[in-house]
Structure formats: C-alpha cells, structure tokens
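A, B, C, D and E are the chain letters, set down in written order, and residue numbers restart from 1 in every chain.
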Amino acid sequence: MSPPGLDIRRASLTFGARPLFHDLAVEFDAGSWTCLLGRSGCGKSSLLRMIAGLALPDRHRIECTTSDGLPLQGRLAWMSQQDLLVPWLRVIGNVMLGTRWRGRWAGPTASEARERALALLSRVGLADKADAWPAALSGGQRQRVALARTLYEDAGVVLMDEPFSAVDAITRLELHDLASELLASRTVIMVTHDPLEALRLADHLLVLQGEPARAVPMAAPTGRRPRALDDPQLLAHQAELVALLREPAHV
Amino acid sequence: MSPPGLDIRRASLTFGARPLFHDLAVEFDAGSWTCLLGRSGCGKSSLLRMIAGLALPDRHRIECTTSDGLPLQGRLAWMSQQDLLVPWLRVIGNVMLGTRWRGRWAGPTASEARERALALLSRVGLADKADAWPAALSGGQRQRVALARTLYEDAGVVLMDEPFSAVDAITRLELHDLASELLASRTVIMVTHDPLEALRLADHLLVLQGEPARAVPMAAPTGRRPRALDDPQLLAHQAELVALLREPAHV
Amino acid sequence: ADDEALAPPQMIPLSVMLDWYPNPVHAPILVAKQLGLFAKRGLDVDIQSPADPSVPPKLVAAGRIDLAISYQPQLHLQVDQGLPVVRIGTLIATPLNALLVRADSGIDDLSQLAGKKIGYSVGGVEEVLLAAMLEHHGLTLDDVEMVNVNFSLTPALISQKVDAVTGAFRNFEPAQMKQEGVEGKPFYIEEEGVPTYDELIFVANRDTLNQHRDAYRRFMDAIGEATAWIINHPDEGWQRFIAYDPSLDTPLNKAAWNATLPRFALRPAALDVKRYRDFEAFLLERGQIKSQSPISRLAVDLNAP
Amino acid sequence: MSDSTALHAARPGLIGKLHGPTRALLALILLIAAWQAVITLTGVPRYILPSPLAVARALVEQRALLAHNALVTATEILGGFIGGVLLGLATALSLARFRPLRRTLLPLLLISQAIPLFALAPILMLWLGYGLWPKILMAMLIIYFPVASTGYDGLRQTPQGWLDLATTFGLSRRQTLLRVQLPAALPSLASGLRMAASAAPIGAVIGEWVGASQGLGYLMLNANARLQIDVMFAALVVLVAFALALYFGIDAAIRAAMPWHRDRLEASA
Amino acid sequence: MSDSTALHAARPGLIGKLHGPTRALLALILLIAAWQAVITLTGVPRYILPSPLAVARALVEQRALLAHNALVTATEILGGFIGGVLLGLATALSLARFRPLRRTLLPLLLISQAIPLFALAPILMLWLGYGLWPKILMAMLIIYFPVASTGYDGLRQTPQGWLDLATTFGLSRRQTLLRVQLPAALPSLASGLRMAASAAPIGAVIGEWVGASQGLGYLMLNANARLQIDVMFAALVVLVAFALALYFGIDAAIRAAMPWHRDRLEASA
C-alpha cells in the first residue's frame, strides 16, 4: 500500500465578502508529514475540510489531484477539531466507528477488528475505558478516543486538526510517538498550534499567513520523526517559526 | 474590592468504585494565581466544578471556606473546558451573557456594558466578529469569546479550564498578557496542560498526581507575571515540572 | 306589524334545542318562528341544534335549556335513569323509524333477514325494536349480524356494506336513496310487531314545569298553529321553511318535505296516555327499563285541568 | 482526480424560492390528480367521494355560505392556537420547573389527551354553553398537548454545560428556565408548534361538532347529514387551506425566530 | 462558608422508584379526587358526570362486557400503533433521504393531518368494510403524523460534524441516514412516540364510532345512547388505562433504547 501525494490548486474560499484564501496552491508529497500552522481563524480547519471534500457554507472551490490519479475517496481519514464522539456508542464502538457505520467488515473478522480497536485504545492509555460511555470521559480522554478512531481507519491520507490540543504534556509526547509509528509512511496533514510539536513531527512546515492567506513553506528540521525534545535543531527552528507566525495577519 | 482566598478541605470524588481523590486539602491564597496541572483524566476539571459548586453525576463532597467568611456565590466566574457559547446569541451577546441572563444591569447602563464587552472583544482580537453568530467562528475564535465572557464577569475568583488550548502560539502569548492584566489581583485557579504557560502565569503550581490523587505543590518562578519567555528561570523550572508530571499515575 | 302591536311588553325568553340539524321534521318550529307566532304570544324563542341527539334532554334535565326535541322511546329510558324530564308535546305523532332494504334485494319479508348484516345508527333502543320485529317473524337477534354504522345509514346500504338498516327515518332515507338512484324499500316497524309511539316529542324539565307551564302552553299553541298552517299551505310553508336558512333549500329536503307533512301531530299538546303505557310495558317486558313510572312522570297534558 | 468545484455554492436562493407557497401549490395539484384518479379507478360513488370538479363548483356556488362559516372557524382556530400555545408553554415550563408536579401532572396531562373529547362535550356545554368559547377551548385542548409535550421534552434536554454556566452566573431557577432552557428548547418546541398548527383546525371543528350553529365544522356535519357531500368537501378544502396557511405561517415565524439556525439548515439542506 | 456535602449523591434510586406505575397511581388518586370535587362543587348531575363510585361499580359489575370489548380495542390500538410507527418512520426517512419528495410530500402530509378523520372515516369504511382493519387504519393515521413529523425534524437536525465524519468514512446516503441520522434523531423521535402512544386509543375509538359492533368506542356510544353514563365512563376509564399503559411502556422502551441518555438525565434530574 503506498499512499498518494496530493496536489492542491486554485483553492479559494470566501465567507461573505471576506476572501480567506484565493487561488491557493500547495503540494503534499506522498508519504510525507506536513504540519499546517497559522493564526487562529486564518482558515486551517476550512482548508482541511475542503481537502476532505466536506461541505462549507459559502462559496469555495478547490482542485485536488492525487499523485496516483486514483480518487481520494476511501483512502482518507479526517480527525476534526471537535472530537465528534457519538454518544450512543461506547468508547470501543466509537473507535471502530468507521467499520460499524460502513457495516462491512472488510477483510478482518469482527473479533479481529475489535482486537485492533482495543489495542489502539490501550496505546492511547484508555484500555480501562473501552466500555464507558463517551459522556463519562474527560476532555483529553475524548480527544484520545477520536485519535484512536482516526488511527483505526488505517487510511493512506490522514488529515488531523489539532489532534493533541487537549492532552497533558507527557501524554502528548507519548501520542507523538504513537502517531509517528502508526502513520510512518502515510501522507499526513496536521493542523497544530504548538511550534515544538510541529518541529518534532513534520517533514514539511506550512504557515498560512495574511488575508487572503498565502501558504508560506518553511524548512523542517532533519532527522527521523519524532525528533527528540532536546534536539538542538528544534530550538533554532522554533525562533524562526514563531517569527513567521508573528508576521501581521493583515498584509 | 478584595477577592477572597479559598480553603478546600476534605474534597472527595468517586466515580463508581474508582476514587479520583479522597480527602484532598488545598489552599488558594487571596489574590494569587494557581495553575493546576495533571495527567489527562486525573480529575482537574472535576475539582474545578466542585469548587464552583456544580453538580457531578456521582458521589462527591467538598468543604470550601472563603478567607473572608462570605459566600463564594456571586463572586465567581467559571470558564469550562468547552466553550459553551449559546448559538442563539451573537458573539457580543455571548460576551455579555452574564448580564443578559441575570437581566439586571447592575451599576453600569446597557450601553456602558456593551462598550466594555466590545473593548474586551477587541482585546481578544475579535472586534470585527461582534455581530457574527457563534456557528461562524473557528475553534480558536470560540475559545476567545468564552475567555472574553469570563473576563467580562469581572469576578473576584476566576476558575479557568484550559482557557488557551485552542489558540495559536502568538495569540496565546497576547492572551497571557491580557489575562494577567485584567486578573491582576484576583484569585485565579487555572487548569493547563502547557508547563511553560503555567510557569509564565502562576504564583503557585499544583500537580494532581496518583490515584486517588494528591495535590503536590511546586514552587513557581519569582518575578512579575507574565514572566518573559526567555526568563532563564522558566527553563529550569520546566524540567522540574515535567519530571513531576511524569511520575506514574498509579501509585 | 300587527303581531308586534299585540305583543306584550315583556318577552319571555325560551331556548329550544332540536334533536339534530334543522330538517323538514322541524318545520313547525322553524315556521312558527318565521311567522312570528312565538313573538305574538310573548315568547322570544332561541333555536339551537346539537350534533349528538342524546345531549338535548340532558341539558334540559340540567336546567341549561328550556325545551328539547327528543324521542318517545328515549324518554322512557331517560325517566327510568332518573332524568327529571317530561313530555309536554308531540311533534311527530307516528313512528318515523323504519327498517330499510334495497328494493332490488329481493327481501319481501323480514324473515328473510336471517344471516344478514343489519346496520343501525346510535339509538339506544334499536336492538330491542329489531328484536321485536325479528321475533314477530320467528327469528332472534342471533340470526343476524348488527353493525353500528353511526350516521352513515344510507351510504352503508347503497354500497351494500350492509343488507338492511334500521333506525332510518321513513320520510328521509328513502328519498336520500332515490336521489342516489337506488330504490329503497321500507318496513314500517309498527306493522312488524312494535307498539306504535310518538317519534318526536318536546320535553321539559319536570321540576320546573309549573313555573313555566304558561309559557310552554303558549309555545305549544304556536306549534299547533304553525302545523295547521303548513298543512293548509304546504308550498308557502316550504318557502317559509327554507327562508329560515337558505342552505335548507335542497332537492332532498324538498322530497322529504312532502313525505313529512302527513306525520306532523295536528294536536301537538294533546296526550295519548295509552301509547306511553303500552310502550313502557313493551320496554319493561324486554328488560330495557327497571320499573314502571306513573304516567305523570312521563308525560303531561299542559291543557289538562 | 477528485474535483469538487463550486459544489456547494449559491444554493440557498433556489431552495428559498421553492419554500412555502410554491411547494404547497405543487402538492395541491398532485393531490387533486390523485383524488380524481381514486374516483376514476375505484369508481367510488359521488355520495362518498365527490369529484374535484363538483367540489370546485360547490366552492364557487356556496362561496357566501362558506365565507361566513369560515370566518367563524378562523376566529376559533386563531383563538385556540394562541390559547393552546400559551397554555402548553406554561405547562411545559411548570413541569420543568417544579419537580413534584412532574410526577402527578404529567399522567394527568396524558389522561386528558386520551379522553375522546366527545365524552366531555356535554360537560363542557353545560358549563360553557354554545358560544365561541367551547370551540376555542376544544382547539386549545388539541393544540395544547403537542406544545406541552415537545416543550417539556425540549426543556429537559438542555445541555448540562449551559445549566452549569447559569449556575455560576448565579441565575435563579426561574431565570435559568426562561433565559437558558427555553431558547435551548426552541428547535424541539418548533417541532411541536408545527404539529399543533396542522392540528388546530381539527380542534375547532370538533368543537363545532359538539355544538354549534355556525362554522365550517357545523357546515360539514350539516351537509353530511343532508348528503350534500360536495358542500362538505368544499368546507373541508377551506379547512385544509387554513391548516396549510397556519403551518407555513408558523414555519416562517419559527425560521425568523431562530436566525442562527438558518445558516446551518441551509448549509446542510 | 459554602458547604455542599453529599449534595448530589445517590438520587437515581429514589427517582427510579417513583417512575412509571407509582407516578401514575398518584395521579390517578389525584384525578379521582378532582373528579369527586367537581361533582360536589358544581353539582353537575350524575347523568352528565357520574361519581367515581358509580363508575367503579359499573367497572366491577360489567367487567365481562368491558373485558370483551377492551380486548377488541386493545388489538386495534396495538395494530395501529405498530403500523403507524412503522409508516411514520418510513415517511420520515424517505423525506430526509429524497429532497424532491420533501417539497411535495410534506404538504400532502400536512393536508392528511388537517382533514378531520371523521370525514375520511366513511370512505375508509366503505372500502374496507366494518372489520378490524379500518379501525387499525384509523389508529395508524392518528399515530402516523407525530412520528413522521418529529422523526423528520430530528433527522434534519443531525449535528453537521457527524455528517462530515460519515462523508469521510465513505458512507452512502442510505447508510448515513440509518446509522448516523437515525440514532441522532432518537431523542426527538422519542418525543413523537410518547405523543403517539397517548393518542393511539383515540384513533381506534374514532374508528369504532364510524362503524363497529364491538370495542370500547362502540360500547361508549351505545351506553351513551341508553343513558348508561356510568358504563360509558367505565369504558372511558379502561381506555385511559390503555393510553397510560402504552405511554409508560413506550417511555420505558425508549429509556432502554437510549442507555447513554440515562446517566445524563439522572445526573441533571
């Protein structure tokens, strides 16, 4: 299985009279991990939605080509900024949501699928919550279930919108390791607000900047992901990244 | 106006057979800023709810005494982990929610109150969104409205649950300044997952640890809040704090 | 204008409730009003109609209205149940009730009803009347199937959902069938083993009768005058009738009008005691009422000394 | 290659245009066609189901009669609707506000709903006479329950977070009910209001059956008793027109009252 | 000093116990008291409103008659309820699934709702005869609309996020409808089901009034005509008991079908 790269062209989005971006063009290499940063409200989540082919309330257009020319549909997993757990299924059911909702147990049997979901749950530290209702989870626990659900999909292209924003620093590092491992050769586009997180995980850094926004690329540190926290490159890059983020939103 | 300190004693919370904490005792000095940290799911949000006098689904008890002996009610603002914007009011209405819902314009006139709300909105960078519906906001924008709503309350005791988790790094620093300024002499209890954030803002650090959890205090850096990011104390303390957080959850 | 000149200064208000929506059987009341015969006698009569025929006697008993149109068989049940109502006059002096079949059904004799489906409307005594008719022909209720078709007697019969209906009015339903192109064939119940009775009567509250006796007397007097006038002038009567409510002017009502004229009581205030005795005995014998009542509890002759 | 160019642009206009009247008209034409088809196919006799043409003729010929009676019924419907909605709302709020009330009042409510009105009719008439009020009361009774029921269900289901917020804001239970739970219950209540709007005419008509000397319900029964089925159906048509007008009016009012909801609905329509 | 020791502990048990039957019993006692009070205060005569005692006596004395007719009506109610719910659900799903349908079917639905059943009843009777089916159909018609209406409203209001998730999961519209929107609409649908449960008996009774030779509605009409008001009210009592049983049964079923909802409700009760 080799995940496709994505070539985004002429992405435009306007809310009312306000163009968020106009004729944006970005390329995402196959199997690479891109971190998308930008000021709050600059359109990161919206861009992710457009790539995922989701509806937006106002005028928008996008041309999205895959590197292998096959449709993206069915090879994509999306983790939204909200956890989107469904209250009528227990935690385990929420992790296996894709399988449950599609109703076909493609390949593995039901018990194998369940095994895998349980394994993922214990990887995100929630083995003991498999049979809990989502309503009985803390904010960070909910986010971890949503992460497990996304990883469970085992998709070639993974879009994640601030996936670690609600967990504590230690858990966050553990989840970095987990995600790096499980998404090793996938095409990942991840929105984050944490510069260090971006520098640990990304092959490519992309900062949405200005209005209408341009996508400003920045070189990522070298070396295997996830990079060690004490990697001296990180500190060096961090200053550069923060400076880039600081640039006035209104050009 | 001098805000009260809080003396929490014999705080106990049990979900089913699982005691989250038992006979916890903490003191919050009048006018001090305490940051509460701890692993995801350790009970931070629940503790905040208990202090705020909110319902919890299972057995719990708390004895909460104020330093001036007056009731806490009416002097408290709570910002939950979810933004809790109400969809049927525009952004400005959500900021002034307390005034609107209570229906008495205690002291200031309606237009003065509105002025203040607008000023707060522009401080959190959303001046142009005052008349937008909450549904048209990004995640970070919603959180900023919730912050503005909390600050608008102008309460003596302020409880905030991960108030900056959804905004970008730059905005976050700006909001630190804002909150430090407006909550200068208030009694603040803030849950956060970002050690640096805690070290910038806190007079006292408190780590919830173990199961049932104990509240382990840690010395905060000295100097005026918010401390500069390049304050050498921060880095030194950070290692200590992370080590404290790393301690195994299950004792 | 002459009538008004004669009217006493103080008009007595009198509320009268029909048994059902206005139709030709109510002609004497409506025409009396049209002709000003009530006003002439110092009565200010207010006419109302219910959607449920069982309601008016109850309202009379409760003192809510003064007079109601009811049915003699019902009167016996009402008095037996303790309602303080009493008959003070007669509107239709024969049964109107008939058992109706399609003319093309081949039923010439009620004994042919064995195994048939018979529809009936809400009546309260329909079953007893039918039982009497069947027994008269050597059958019992168990030989037929009874269906309560409520107010859809004609449609049920025309569309052959039932083989016969009972509780049909002989002046109305056959005309209705004819209008729809189906010939109906009535069996008159008083010829089939049921004692004869007054179909439509006026009832008043027995407890307050004496207070109002004079007004009621004048009321019945007006009814008598209107009846005579209608019979003398049937066409003018029809015009007065439809003038009461223009929506009454339908071919069906016209047909029913002619069938109804001969059935009006010509001496509406007069009382035939024997009818009430006989019918009460009939109901008593069949267990429909618990006990016999003194005749004065059932009916009065307002003009009796 | 996946291309979703301009997929979701500029739809609201089109849907907006087709709302309300046009929709209803379309449906009406369809209904009349179906009606005629039933007659043609099943050969149902005209004293049971008259043809659309016959009914149209009755509509024109009896317009004065219909108009007069329609006015009466319209008054009853409107009065009943307003009264029923107010009473229903008050009940829902009381049920949500006072816990002890719930255990006893709710079953009573149900009982009131399960009693065929005809059984109560003589009682109502005895107390209220034959005027406008018993009919308005009947319409109220019919409208009352959906509003009270959906309103109560909506009030119960306020997301806990907002209730918590209200608590920390120091709101009284009454304030919480009116300012937090009530707006939060609007979508659910809207469901009940729409249902009530379409049921209101029936309420008035039943009221008229119980006792009346004018109104569309009276006219219908009266015409039915005389086998003037065309007039009866003409009255029915007017009645249905009322119900539709009320429904779409309420629907528009609900949309106007929930402006924040509109974008979302149009976006997902 | 504020002390909220053990404020919210161990409540569910108590509330749980008071649910359903006990609640209903309490209400019943209240109702009977109110009933007697009305009689005592207003002096309404017994042939219009009999005393509770007289009705109780009729209940006992006529138990065989009542039981026989109740069985018939129960069958009709149950059949109508099941049919109405299924049909209503199917309609709600179709409306949510096929956009063109909405514009035309919805007004038709409204029209069907606005037509007093009595007007349709004779037509139905003539087509279907006087057996069990027309009554079941009548009960179905009454139950149908609340279910279809609240179901559709619920299906429309699925939070956008779940729909988006379904899209990225590659679900077909049908799968989305059945697996995402339907469970999300359960609370709203529950509201409609409760309403339907309390209305079902009326449907059956109206069916019986138009043509029947057994059943509680038939019995009521007959008893009313014979001035056996106590028997009529006894039948009414049985009918109301049915409505209550159905309501609380449905309510319990709904609670069982939404276990995730239970905690929340109990927590905020």
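Throughout what follows, a residue touches a chain if its C-beta (ideal position, glycine included) is under 8 Å from a C-beta of that chain, and two chains touch if they have at least 3 such contacts.
Protein identities per chain, from UniProt: D, E = ABC transporter permease.
Keep in mind that this is a model prediction, so the values were computed, not measured.
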{"item": "Number of hops, chain C to chain D, where each hop joins two touching chains", "value": "1"}
{"item": "Required steps from chain C to chain E (each step between touching chains, minimum)", "value": "1"}
{"item": "Best-connected chain pair, where connection means C-beta pairs in contact", "value": "D-E"}
{"item": "CA centroid of chain A to CA centroid of chain C, Å", "value": "84"}
{"item": "Chain centre separation in whole Å, for chain D relative to chain B (CA means)", "value": "47"}
{"item": "Residue numbers of chain E (touch at least two other chains)", "value": "44, 48, 122, 126, 160, 263-264, 267-268"}
{"item": "For chain C, residues that touch 2 or more chains besides their own", "value": "58, 62, 155, 159"}
{"item": "Touching two or more other chains - residues of chain A", "value": "53, 55, 57, 73, 82, 136"}
{"item": "Chain C-touching residues of chain E, taken from the complex the two chains share", "value": "44-48, 122, 125-126, 129-130, 209-213, 218, 221-222, 224-228"}
{"item": "Of all residues in chain C, those that touch chain E in their complex", "value": "54, 58, 61-62, 74, 77-78, 81-83, 119, 122-125, 145-150, 152, 155-156, 159, 161"}
{"item": "In the complex with chain D, residue positions of chain E that touch it", "value": "18, 22-24, 26-28, 30-31, 42, 44, 48-49, 99, 103-108, 110-111, 113-116, 118-119, 122-123, 126-127, 145-146, 149-150, 153-154, 156-158, 160, 163, 187-188, 190-192, 194-195, 198-199, 201-202, 205-206, 217, 220, 232-233, 236, 239-240, 242-244, 247, 264-265, 267-269"}
{"item": "Residues of chain C defined as touching chain D within the complex", "value": "20-21, 23, 48-52, 55, 58-59, 62, 64, 151, 154-155, 158-159, 176, 179-180, 246-247, 250, 252-253"}
{"item": "Footprint of chain A on chain E - complex, ascending", "value": "160-162, 164-171, 175, 179-180, 183-184, 186, 258-261, 263-264"}
